[in-house]
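Think of it as A, B, C, D and E in the order they're written, each chain with its own count starting at 1.
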Amino acid sequence: MKIVVAFIVVLVLAALPYAGIQYAGMSTVFGIIIPYAAVAVFILGVVYRIVKWARSPVPFRIPTTCGQEKSLPWIKQNKLDNPSGTAGVLGRMALEILCFRSLFRNTRTELREGPRLSYASSVWLWLAAIAFHWSFLIILIRHFRLFSQPVPHFINVVENIDGFLQIGVPTLYITDILLLAAVLYLFIRRVVLPQVRYISLVADYVPLLLIFGIGLTGVLMRYFFRVNVIGVKELVMGLIAFKPHVPADIGTLFFIHLFLIATLFAYFPFSKLMHLGGVFLSPTRNLANNNRMVRHINPWNYPVHVHTYAEYEDEFRDKMKAVGLPVEKE
Amino acid sequence: MYNSGKIITGLVLFLGVVTMPFWFNIGKADVKPDPSLDTPVIRQMKVKHCIESKQFMIDNHMELLNAWRNAVVRNNKTIYVSTAGQYFTMSLEDTCFHCHSNEKQFCDQCHTYANIQPYCWECHVKPVEEAANGHR
Amino acid sequence: MDIDKRKFLKLVGVSGALWVGSRLAGGLSSVFNIRDRFDKQALADAGYEVGTMVPDPGELKAKQWAMAIDVRQFKTPEDYTRCIQACDKIHNIPDITTQQDIKWIWEEPYSAAFPEQHNQYMEAALKSTPILLLCNQCEFPPCVRVCPTGATFKRQDGIVMMDYHRCIGCRYCMAACPYGSRSFNFKDPRPYIKKIDPAYPTRTKGVVEKCDFCAERLDQGLMPACVEASKGALIFGDLRDPDSDVRKVLSTNFSIRRKPELGTQPNVFYIL
Amino acid sequence: MAEELKKEELVKIQYKPPKKDWMDTPVKFRHGTYIYPAKAKNLQYLDLPNPREWSPVDEDWKLPENWKEIVLNGMKERLDKYRSFKVFMDICVRCGACADKCHFYIGGGDPKNMPVLRAELIRSVYRGNFTAAGKILGRINGARDLTKDVIKEWFSYFYQCTECRRCSVFCPYGIDTAEITMMGRELLTLLGVNVNWILEPAANCYRTGNHLGIQPHALMDMFEMMLDDIKDRTGIKIEPTFNRKGAEILFITPSADFFAEPGMYTCMGYLMLFHELGLDYTWSTYASEGGNFGLFTSHEMIKRLNAKMYAEAKRLGVKWILGGECGHMWRVVHQYMDTLNGPADFLQEPVSPVTGTKFENAKSTKMVHIAEFTADLIKNKKIKLDPGRNDKLRITFHDSCNPARAMGIFEEPRYIIKNVCNNFFEMPENTTREQTFCCGGGAGLGTDEMMETRMRGGMPRANAVQYVHEKYGVNRLSCMCAIDRATLTTLMEYWVPDVKVTGIHELVANALVMNGEKERIVDIRGEPLKDEKGENHV
Amino acid sequence: MIEKAFYGSKKYWIWVAFLLAFLGVCFHFYLLQLREGLTITGMSRNVSWGLYIAQFTYLVGVAASAVMLVIPYYLHHYKAFSRMMILGEFMAIAAVSMCMLFIFVDLGQPMRVMNVILYPQLHSVMFWDMSVLSGYLVLNLLIGWTTLEAERKDAPPPSWVKPLIYLSVVWAISIHTVTAFLYAGLPGRPYWLSAIMAARFLAGAFCSGPAILLLLVFFVQKFVKYRVGDEAIKALSKIVAYAMSANVFFLLLEIFTAFYSRIPDDMNAFRYLFVGLDGHTALVPAMWVSAGLSIVSLALLIPPQFRDNTKLLTIALVSLVVATWIDKGFSLIAAGFVPNPFDRVSVYLPTFPEVMIALGVYTIGLLILTILWKVALSVKEKSIA
């Protein structure tokens, strides 16, 4: 049911620009107004969300320690999984953000006869996640060719490596295939694994389908139904120069692609996609485990009622004296 | 806001990256591609028309060329019957470049703009740009 | 129908159908001043459908092209170089002097061209007689058998053809060819081409090439360049046609082929 | 007791979640799977709201009139106070990496024990009340209303989480269910929805200084017994001091070690070791508890109970504090104490008086873990050890969750064990170190009325022990946590009856060659050092 | 399990860093080749295959040799190989990977490599070679990884592995047979045109592969606690002895056929290799070294008392590997093009960049082997702790 809802949502999203461009001639709306609005919502929304998180303090230093702490000098510290200083934290965060370190650790629990439990490492989720995120990033970088004039050289380098295998005309990009395959895997996994399906919300299926839709329309435009790429670039360059105009005859497929992207951008700050920012702010990962070395300050630390020694001695003085324990007041 | 130093740095970086397209192009002239049709051969044409419609050629020239080369090399078919019923030798050099003898002013205009780097020229010879070609 | 609808039609139809939009072109009465050699009237008579790719009605057709080389007619060095240069020039053959050279048609002394046919007591002059060599366009070509991509293949008319766009440069065909007729572009050939003929592509580095009996000329109704240049010393025609020149000359002269024992059935014959 | 539960029944675990959506599946309370509610007197003693008599199986939990407002205000307050809570509410992508990492899920199969879903229990309320998308889209966006059923669900599942942080290790964003559970328990505390097994020790600790409510004179009796036993087994009479001003070191350990087996043997180990070293240290009756059940109640309660440590250290004028083997005590000491009750500027940076080693890693908190202390002694060869005395034991080591994942102390205990015994075997990978499994009774769940849940939750740990028991003949499970020593004992009795539980300093005590000791023929438990055949077990 | 490759001793990391650094140097030469073309190699119009294809051929043998462990262990339940199996299977994976890379670096247009799959030509042996090699890679990865994982979990391997193992036996034979067919089916290359080619290849594979495996095991055992067991070493060296005998025997058969028949084309390649042809003697010293080392290895391998002595065995194995490498990993390809179709001798010697690129591929192979063996040995050492 949730899956059906998600499908409908994405189909409707794809149908909107089709109808708008095809029948209502709303190219200004879909080509200028919505992209501007989406980018504005994206930027302001992300900043708003980050600032909102930042307004809550981190009262305690609670890193999850996944290795030996800094201890006696002859005991080897695991500086990346249990960092004690800034360098280690940067290393840990880099591993986490660039290599998905924690996900790489993933295991699959199996219960066999006996009973006997075993935990085999399971890298498929990690593999799909890393293929997905890196492909997405590289594709984004490649799109910079439509956002710059002249196109910087490193874009060519990325394009050449990505399109190294000269398959088809125009050359197939490996990341295009990887992205679609990875998103498909992540979606199928969510549908097929009973546990994951049980925890999944509509809000989990929608982004996957949305991104798949974006990838698919992109691939269709590149390899099957050519759109006017010069027009696309003119539109984009006009937008970023704040002299927007929509060239004629770009192709409806492009507007579907653009609208899905705009939706993703606008949806981003209000969804779980904010894990992009959140991963930097997770107190279990971005803090050094130097708790006993450096005092951590809690800005809202407040005095509390305690049971003082005086109160304690008052209650038990006689008993203490009876067994010869020293007391403050005789 | 807490940890404001780090968070503001992060936000500035984020804003820098996402707004890069905006400031990357500041002060750069927006040179739109302007494929020139001004070649001696085209000048002589009474009705200036490519082998297929302009839009079709813009969208599909590479597929057309690909189909052509398969037909010529693998099926010894050498003639293309256009949708208008015209006949053309399927040859990049003999047909395309015959009119479009101004690679820089024609092909490269869009290719450079859209950052498309075809590897045609590794084998096929760019038309010799005669002085009279394409200069307006 | 606007451009987008047409594109969606393509989705519904076959993706290869590039030329669906038949309503695209308007009246077009211009005269194209293209270097076309084909017979427009013949084409018009054939009534081809629009958007198709068709053979030239004037193409030279054969069931199996073959060449007889009348070695007797080659008297001066100029007789050889004329043929070789005619080929080199129109095909943009680079002039590389190392062992990584490119050859389509070239000469070798008899003893090298027919190593199994020579003996130490044979006439010294014959031993060193230059023989023109080129791809034998075998009937059972080992190079085609081994090619992993179909980059080299046999055409209907028997020509062993190279598709330079598809060749991956594995050089298996070179190992398979018993005649040394294949060359590999170890490097970019362009710097070694004296004058590039823009009408014919050069090759890119990393692909194999060889003589293809000027297939592109045959398709336009022209004889191979070397044959044209040979002044009758190279006889070219359809081996399956009893009335062809090549059959005539073979039936009246003693001819040999290179390495016939390998069963490749070369289609280049030598008349000594 | 545990025997009523048939193992064969228990291991028939259905991992496939039910067809019905989890939001439509209200919680059912069944004996053995919930803890009795906190008694009114304990709430009153700790000034906690809504003291009353009630039971989870009741329809009416006698919540305050404005319970909803209390919870929502409490949530808002905590969202503003804890970035962890706020971020963890927002960024979960429900990838499911954590799903099969929770011991309660592995041992029970209840989908709401998947960490992600445990968090969703509160996240759904967060979405429904604190996010625009949730307010507008409602259930499509995974939002739901706060109802009394939700409170019941929270009670059930936040008291089925041992806050062990194993899920956090695997989460790509480091989402720590323990943080969420702690928030959930704080919110429940606002309504007076508490469990007695946590609040009673907390109240005791508040009053008498220790969980068991042992008053000072009774405490002395217990020590007397232990000292007699030591004399009996080693021939040495030890005379420790209590509440002594001017001592160099204050030693604090969980009070559970004072009276119950096998913790008591660990405590005897401390006494023997310190005596052998001639350490200038003192015990305290006021700060006679290392543990801190505030951790299982609220951050405020952590602070209230923990305050005694520094207060007592200050009153006695010691230089630094040494802490015994304990799990959650060390989570509090390591992560919270300095922040909540510091700075401890009246103490000095800890230096081992025996070896002169500076404990750089404790220079601010000024509290050293006994494993660090002892490992340093062994490394510097300051104590004489005869590991052969432990030869009848085949030992494995259980990393306790809190020292493992909230501190990262892995090598020290292993170093000590390897030096005091000859037969040490690691449990399988993915069940040790940062991936260690909880005993099933941490975070205040170690009570007998929860037995079924405990045995299920402890199953992964027990299963790993069983593996090394069968493969290497392991017969002793060592650990450095007082809760472990209590709960693992029950767990082993149920799953792997041949394996007994031990603290590390019990093993040290066995191996420790003491000046002037008599020939040791029994170990610290009073059992023969060698088995019947008079041979060392191989 | 792959995470085990990330936890290692200092020595392990130094080794990995060294491999990566060296790989970086080699990659530079590959970039040069990409830019300049294969002109930077010593190959030519007449000798159009060289070092790369020769290494490919040799390594197919190394890959196939895993079957020498698989057959005794799985078909005859020879348990002594149990501690060696995974090492052999993982070595096969590294070897096949190198094979594919050697083909890749040999291509003039590597970016078009997918054409082999996009336009499959069923009549091309190379298409089949590509298919069997990829299949073999997948088979070994599946079998090796699954059985190792099962061992780590202390569980029996899943039932679907068994049929795959039997399949892998046939498959291993097939990869080297098909590779032999690459050469044996070409007209006009008399040195290769031999029905016994596949048999020679297999014999050469079954001695050189296990020999390399044993040498690697000896080397690695210096750094790890894991031991494959004396019985396994003895049994495998016996296999090496038999296979090397067959290998030399087959070579002698070829020489007999060529020289007794006195067919010049058949003799010329051997003449070129062993005495020189038309004054070209570049390969002669190497061939005699190969012959000499073959004799040394046989002399040390055949008598059991020598073979069972680790030192002598090591010498024998090193001799054998060098001898077979010269034979199959170099001269086989170079001599196949001699004489050329014009009855001339074209000398081929690899150039420095060519050697560096080949070493680069070997480095990648070593890296794969290092990682796979690291994983395997970590698991094995844990499970027997």
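The definition used in the following text is that a residue touches a chain if its C-beta (ideal position, glycine included) is under 8 Å from a C-beta of that chain, and two chains touch if they have at least 3 such contacts.
All figures in this text were calculated on a predicted structure; none of them were measured in a lab.
When the C-beta contacts at A-D and at B-C are tallied, the pair with the greater total is A-D.
Distance from the centre of chain B peaks at D, each centre being the average of the chain's Cα atoms. Chain nearest the geometric middle of the protein is A, using mean C-alpha positions.
Relative to chain C, the most remote chain by averaged C-alpha coordinates is D.
Centre-to-centre separation of chain B and chain C, using mean CA positions: 31 Å. Chain C and chain D, compared by their mean Cα positions, are separated by 84 Å. One finds 40 Å separating the Cα centroids of chain C and chain E. Each of residues 54-58, 105, 116, 118-119, 121, 166, 226-227, 249, 277, 281 in chain A touches at least two other chains. Residues of chain E in contact with at least two other chains: 112-113, 118, 152, 154.
Shown for chain D are the residues in touch with two or more other chains, namely 83, 428-429, 467.
Chain D contributes residues 11, 13, 15-17, 22, 47, 79-88, 90-97, 99-101, 106, 111, 114, 116-117, 120, 131-133, 140-142, 165, 168-176, 179, 206-209, 215-217, 220, 242-245, 285-286, 299-300, 303-304, 307-308, 311-312, 315, 333-336, 338-340, 342-343, 357, 359-365, 367, 372, 375-376, 379, 404-412, 415, 428-431, 433-435, 459-460, 463-464, 467 to its touches with chain A in the complex. Residues of chain A that touch chain D in their complex: 5, 49, 52-62, 64-76, 78, 81-82, 84, 96, 100, 102-103, 105-109, 111, 114-119, 121, 125, 129, 193-204, 270-272, 274-275, 277-279, 281-285, 289-298, 300-301, 304-309, 312-313, 315-316, 319-320, 322-326. Of all residues in chain E, those touching chain A in their complex are 1-3, 111-114, 118, 149, 152-155.
Those residues of chain C that touch chain B in the complex are listed here as 3, 16, 18-19, 21-22, 24-26, 28-38, 40, 43, 48-56, 59, 92, 153, 155-157, 161, 163-165, 196-204, 215-216, 218-220. Listed in rising order, the residues of chain B touching chain A in the complex are 1-4, 7, 10-11, 14-15, 18-22, 24-25, 28, 30-33, 55, 58-60, 62-63, 66, 110, 112-117, 119.
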